[in-house]
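Chain IDs A, B, C and D follow the sequence of writing; residue 1 opens each chain.
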Amino acid sequence: MGIYEISLATLVGINIILALGLNMISGFCGQISLGHAAFYGIGAYTAAFMAKAGAPFPAAVLAGMVLAGLVGLAVGLTSLRVRHDFLAITTMGVGFLFLGVVRQQEILGGELGVSGIPSPGLEKTGYMVLVLILAAFFTAFSLWIKRSWMGFAFEAVADDEDTARVLTVDVAACKLTAFAMGTAMAGVAGGLYASFARFIMPDDFGFITSITVLSMVAVGGIGSVFGVIISTVILTLMPEFFRFISDYKLLLYGALLFGVMRFAPEGLAGFTRAVRKAGIRSAGKKEAAG
Amino acid sequence: MMRKLGTIVLLVGALAFTLAGAAAAAGTIKIGFHAPQTGFAASDGKSATIGAELAVEQINAAGGINGKMLELVVYDDQAQPAQAIPIANKLIGQDKVPIAVSGSYSAPTRSAAGVFQESRVPYISAYAIHPDITRAGDYVFRTSFLGEIQGKAGAKLIGELLGKKMVVMITLQNDFGKALADGFKSMTRDFGIEIVNEYEYSIKDRQFGSLVAKVKADDPEAIYASGYYFTAGPLVSQLRAAGVAVPIIGQEGYDSQKFIEIAGKAAEGVIITTSLDRDSDVPETKNFIEAFEKKAGFKADMVAASAHTAVMVAADALKRAGSTDSEPLRKALAETHLKASTGTISFNALGEVVKAVQNQVVKDGNWHRHSVIDDPGLLAPPDK
Amino acid sequence: MLFFELFVQGLIHGSMYAMIAVGLTLVYGLLRILHVAHAGLFALGGYLGLLITNATGSLALAMITSALIVGLGGMLVYRLCYQPILDRPPYVPLIASIGVFIAMEEVFRLVFGPYGLTYNHPHLQSQVTLLGLNLRGAEIGMVITAMVLLGGLSYLAQNTRIGIAWRATVDDPEIAESFGIDAVKVRYLNFFIGSGLAAVGGIFISLLSNLVEPTMGGVPAYKALAIIVLGGLGNVKGTLVASLALGVVEAFGTIYIGSYLDRDAIAFAFLIAVLMIRPQGLFTGR
Amino acid sequence: MKPLLEVKNVTVRFGGVLALDDVSLEVRPGEFLSMIGPNGAGKTTLMRVVTGTVKPVSARIRLDGRDITMLPTHQRARLGLALTHQIVRPFRSMTLLDNVTLAAGHHRIGRVIRALTAVDRSAEREQARKYLELVGIAEAAEKSVLGRPLGVVKRLEVARALALEPKVLLLDEPLAGLNTAEAARLADTVAEINRGGLTVVMIEHNLGEVLRVSRRLAVLDNGRKIADGDPGAVMRDPAVRAAYLGKEYQDAAA
């Protein structure tokens, strides 16, 4: 594996953690967020400053996770007040607010960002392995949550909040838990990114990043852990696949987003489900014929 | 299903083709290059790429580097750090370039700089202004001014050359604008400038109604406004339309024929601090301006000239080092003394360039020389 | 005086927002879709307006033609992009719409180049002095056009058969249909009018900055969403008020608190504050 | 006997309209109370005040001696109030079985940490299957809710409510939309459950079934309770007959 592949694999791992975090909020619990990048940013900035202040790498990432989760919890409170499209726009506003604040705070590096973030103390390969292990851990965590009773309650909230309430589900607690866990994961991803890039700037965590993450979740199939992972891998590597048609790659990206939503609105997960079903049906037919 | 398979075959084929192409060019020396060719910064990326390509063509036409032809390996980074990092790794790990040039903005350049430093591959930033880029290490160089230096030059231009003291600052909210503003403010006392007010605007703004109204009420003697041609064009024309007639001073971000096109008559008299002198007698600069217009079909700008210069500097180092090995190349770069399209390039201990600032003014719809600031004390970049 | 001038500038900026946001809120009212690609149509309007003006020298012709073409374009976007996925959860058309928007921006860049285009008629940048303020012709033109078009629209909605059919469909599509109103026709009309308005808005904006760029839809793409939420999704009157209010808030905000928060952050801080007090936006109902 | 559910002085206003005007109601353990009244009388609104989804101007609600007036909906549900909706609201993304399993797991989703750490659903699934059997739709257990006929979904709502193991079962028009045979069967099932000791409050328009299965009858009209008591006595009440029933009663009697 060359350093190019290593850097890509590291980036893929970070994006998987980021996307699975949003999948927790939007996929499992049905709360569409257009401001996920803000929590990615909070994690990155926290970890960066902690590391620069001399904190060991794990402590820095952990601090990023905790702070992102706490702010996420606070933002989750807005989801108790506004719903659906209103929530989507409110979270988008949170993203812009985060950016606006960071931009203007010289103490946070302002427009110039934060550079000179210390190395995590691992070789490139070692760091990639660490990131991938963490990505695997959060994959397992996501699968666990989905199977747990909390995940079951999330599903109910995503489907119909009012009915969920009548069935004893504490909707507020569910939403807050989902926001806290999902944003904490974004915080971890941010911390890992800060140590990977070793330089961060406000624009790394802007609206476009939020949209990119939401696209990863939606293209994969909202709520499907493996679908989201596959689409994250594809969308992260896509610019690399299409280097040879550099001029058209963003056009292709837009067309892909549109195409998947138009022709496979349940994303890759829904698509494979449909294919499998069709396969079973045709197999059944063959049996019947034979 | 068949159709899907077809797509995959096509993709693999294309990939193989690209790899084969790379192998065939083994007898050449590669220079890595990344610039934003898609996305919001695509216009600067395009100018930079054409400028860099022009440099390679000129060198190859003159016989290449010690007999070997140059090859520019170009990647699109969309001005995003998350893309610049894999690109840097790809240039190093897969394309095995001995040296690379950034034709991109600060964020991707600063992120990539760390990667090049770590792998000990010399890296030249063509026009990114972030102060920390060269601080990535001794393998990173910059052939353009730091934002701060240009800000200081702007203060000298206003306070000393123009003799204006009451200044309103209009600052672009990004690293470029902030660095300029910092440099400008650090020199106000030296040149007796009083800052009446400072306003900030976003790179996305094109309508400046309220800001213009306030500046008009402030009634300054001069305006120091940072921006790029696409923000400065509307800003200047709106200031003039509102009846603000005082001198407007800009920087290299304005430096494009497009600025004059957008602002029209309002552009007349605007002065900027930049590095490309349109009325230069230096053959390197004159030659570049002509050759660029011939190749691109539009007039040269600062970005194009900077990318051209950076590639020329890289080629010069390759020639003097006589090798593509990392250490000799770095040493050759550090000892650069080259006349290029944006001036005479030499580096200080940090890898920052030391050269004169060209002040250009808009006259009759074109950029022309206004004055030159060549004050080594004022323009000295930090050396650590 | 300065206060008054800032206020006027805010209203000018707000009327620009209004021309973009009204089309968006019309779409939302009818289909519950956050139509991001609307900003792409806005930019398309800017491009067509500039190309036609530069080719023929007539701004009026450019406005009418580009409003018609972009109106048809809006209908096409509805037919190809939204109609097949209307029954899906709201994020599906949202992402599809973002995809279309990105693709449109890229097509503009590939076709017209990344540098942007400018008008070749300097007389379009004329100036007027009114109430002691220096204003540009295009600014006054934009405010008047916005008032005429939006006023005309609300007159049509109140007083014509098709307008009443449209309002009925917005209120309750099923009941409207049972009264023999063709909901599909109403939707097409909706997209036609909304997109046409955006095109006119796009032309005025590009006149004001004398610049049409591939990314000119970038700001309206998200800012207009904030406005229609602020106005109470789907509420046309609310959207007008929200547009003007946001224009004024930004005009003062960028001057007096611009060094603490940027323009976007000011706008969204205002939005979040309003939503926490009134979760349905400034105006409720449709 | 002490009342199990005590509803006192409920007044609700929607905008300017008085939807409920000082209505009080007591339900004793084991009762089967039916509530009738014309559309718009305020029956559903009263139910919603009880479950906490409608905010009253004034009200006092006690469940099993405990004041629940200020509690949010989910906590009332945990204390033993189960409601089926007049317009069915199943979780459309789930199977029938999952709909009921979630309700059967009500004791598991109360605490965040416990809900996060527990994954085993087998016991709840078993229970859920029993409730589906009880209402007679077990054969469709693994199917998605989408595309099930209304009769099945109506019974699903009842099964889901039962799975909450409530103290009081509130049914909002459970028989509406069912054919005669289905309605009679579901009414029988509810009556049987009631005989097993569960307190039932049912809003229903199907007067024939109401009179057949319920043991107490309350009548709401125009936001006010106009009668309450033994079904026979209520139906003979001249006020009820005059104000509301008249024709309909005769139809039902015929």
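Just a few scattered comments:
In the analysis below, contacts are C-beta pairs under 8 Å (C-beta built on N, C-alpha and C of every residue); 3 or more make two chains touch, one makes a residue touch a chain.
Just so we're clear, the structure is a prediction, and the values are computed from it rather than from any experiment.
The chain with its Cα centre farthest from the Cα centre of chain C is D. Here A is the chain whose Cα centre lies closest to the centre of all protein Cα atoms. Computed from the mean C-alpha positions, the centre of chain A lies at a distance of 34 Å from the centre of chain B. Centre-to-centre spacing of chain A and chain D amounts to 41 Å, using the average Cα coordinate of each chain.
Chain A and chain C have Cα centroids separated by 31 Å.
Among the residues of chain B, those in touch with two or more other chains are 38, 173. Along chain C, residues 106, 259, 262, 264 each make contact with two or more other chains.
Residue positions of chain D with contacts to 2 or more other chains are absent. Contacts between chains form some other arrangement here, matching none of path, ring, star or all-to-all.
All chain pairs that touch, listed by label, are A-B, A-C, A-D, B-C. Contact residues on chain A toward chain C in their complex (touch as defined above): 26, 32, 78, 81-86, 88-90, 92-94, 96-97, 99-101, 103-104, 207, 211, 214-215, 218-219, 222, 247-248, 250-251, 253-259, 261-262, 265.
Considering their complex, residues 2-8, 11, 103-104, 110-113, 115-116, 193, 196-201, 203-204, 239-241, 243-244, 246-247, 249-250 of chain A touch chain B.
Within the complex formed with chain C, the chain B residues making contact are 38, 40, 42-43, 45-46, 173, 198-202, 204-207, 209-214, 217, 230, 233-234, 237-238, 241-243, 256, 258, 261-265, 298. Residue ranges of chain D in contact with chain A, taken from their complex: 51, 53, 72-75, 77-78, 82-83, 85, 89-94, 98, 101-103, 105-106, 108-110, 112, 114-119, 121, 160, 164. Within the complex formed with chain A, the residues of chain B that make contact are 11, 14-15, 17-18, 37-39, 74-76, 78, 80-83, 85-86, 88-90, 92-94, 106-107, 110-111, 114-115, 119, 130-132, 135-136, 173-175, 177-179.
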